[in-house]
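Below is one structure; the comments refer to it alone.
Here the chain labels run A, B, C and D in written order, and each chain numbers its own residues starting at 1.
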Amino acid sequence: MHNKKVMQRMLTIEGHIKGISRMVENDDYCIDIIRQIQAVQSALNKVSALILDDHLNSCVITAIQGEDVGERERVLDEIGEIFSQTSKG
Amino acid sequence: MHNKKVMQRMLTIEGHIKGISRMVENDDYCIDIIRQIQAVQSALNKVSALILDDHLNSCVITAIQGEDVGERERVLDEIGEIFSQTSKG
Amino acid sequence: MHNKKVMQRMLTIEGHIKGISRMVENDDYCIDIIRQIQAVQSALNKVSALILDDHLNSCVITAIQGEDVGERERVLDEIGEIFSQTSKG
Amino acid sequence: MHNKKVMQRMLTIEGHIKGISRMVENDDYCIDIIRQIQAVQSALNKVSALILDDHLNSCVITAIQGEDVGERERVLDEIGEIFSQTSKG
C-alpha cells in the first residue's frame, strides 16, 4: 500500500502551501503564485491517484468478492462519484 | 445499461459541435464560443461518467469475481489511468 | 488570427465525435470509448486556448485601451469567469 | 485588491491539508480522503481566480495601456498559458 508515500507527499504539499502563503504575503508576481498553485494541484491529483489505487486494490475487491450486493453497489457508486467530481475539478 | 442514453447524448453533442463550428465561421464573440465549448466539455464528462458506470457494473465486477489475477489487475489499473487522465482534463 | 486553424480543428473534432458515436453503437470496450472522449476534451481545450488568445489580442486590448470603464470591467470579468469555469472542467 | 482574503484562504487551506495528512495517518476511508482532497482543489481554484482577478485589474491593464509592445505580449501570453494549464488540471 502507498500509505507512507502518500504521507511524504502530503508533507511536501504542506510545505508547498506554506511557500505559496509567503509569496502572497510578499506580494509576489500574481502569475508566479498561480503557477505554484497549479503545481500543488497537480501534486494533489497524484496523491488522489495513489489513494484510489489502494482503494481499488483493497476495499473494492473485497466488496465485489463479498456477498453483500448493497455494499458492492455503494462502493462502485462512490468510484463514479469521485470520477464525476474530478471532471468538475 | 446506458447505451441508448449515451447514443442520444452523443448525437446532441455532435449537433452542439456543429453549432460551435458555425459560430466560429460567423466570427461570433470569442467568449460566447468558449462558453459553448465549456458546455460541450461538461456534456462529454457526463457521457464518460455514464460509460464508466456501465463499465464498473459489468467488466469490473466480472474481472474481480473471475480467477484471472492478471486480468483483474489490468482492469483496476485502467480505472486508475482514466482517473489520472481526467484530473489532467 | 486563428480562425482558419480553429475551423479545421472543429471539423476534426466533429469527425472524432462521430467516431465515438460509432464506438458506442458497436458496443466497443468502455475504457477505449472513455479514452477517446478524453482525447476530444483535450482537443477542445486547445481550441478554447486559441480562441482565448485571439480574444486577448483583439477585444481585450481594445477594451482596455478604450475609454469606457464599464466595458473594460465587463471584458476582464469575462476572462475571470471562463477561467473559473475551466477550473471546474 | 484581494490580498487579505487570499491570505486567509491560504491559511484555511493549510489547515485543511494538515487535516488530510492526519486522515492518511489514521488510515481513514480512502474515498473520504479523496473527497477532502477534491475540496482543497476547489478551494485552490477559488484562490487562483481571486489572484487572477487582481492581476487582470492591475498588471494587465498597466501593460496594455503602456507603450511596451513586448511587455504587453508577454502579459497576454501568460494569461493564455495559465488558462491552458488549468484546462489540464
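Operating definition for what follows: a residue touches a chain if its C-beta (ideal position, glycine included) is under 8 Å from a C-beta of that chain, and two chains touch if they have at least 3 such contacts.
Because the structure is predicted, anything quoted here is derived from the model rather than measured.
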The pair out of A-D and C-D sharing more C-beta contacts is A-D
Computed over C-alpha atoms, the centroid farthest from that of chain B is that of chain D
Cα centroid separation, chain B vs chain D, in Å, comes to 26
Here the gap between chain A and chain D, centre to centre from mean Cα coordinates and rounded to Å, is 16
Per the C-alpha centroid definition, the whole-Å distance linking chain C and chain D comes out as 21
Shared-interface residues of chain C (touching two or more other chains) are 45, 48, 52, 82, 86-89
Listed in rising order, the residues of chain C that touch chain B in the complex are 3, 6-7, 10-11, 13-14, 17-18, 20-21, 24-25, 27, 29-31, 33-35, 37-38, 40-42, 44-45, 47-48, 51-52, 54-55, 58-59, 78, 82, 85-86, 89
Given the complex, residues on chain A that touch chain B span 45-46, 48-49, 52-53, 56-57, 60-61, 64-65, 72, 76, 79-80, 82-84, 86-89
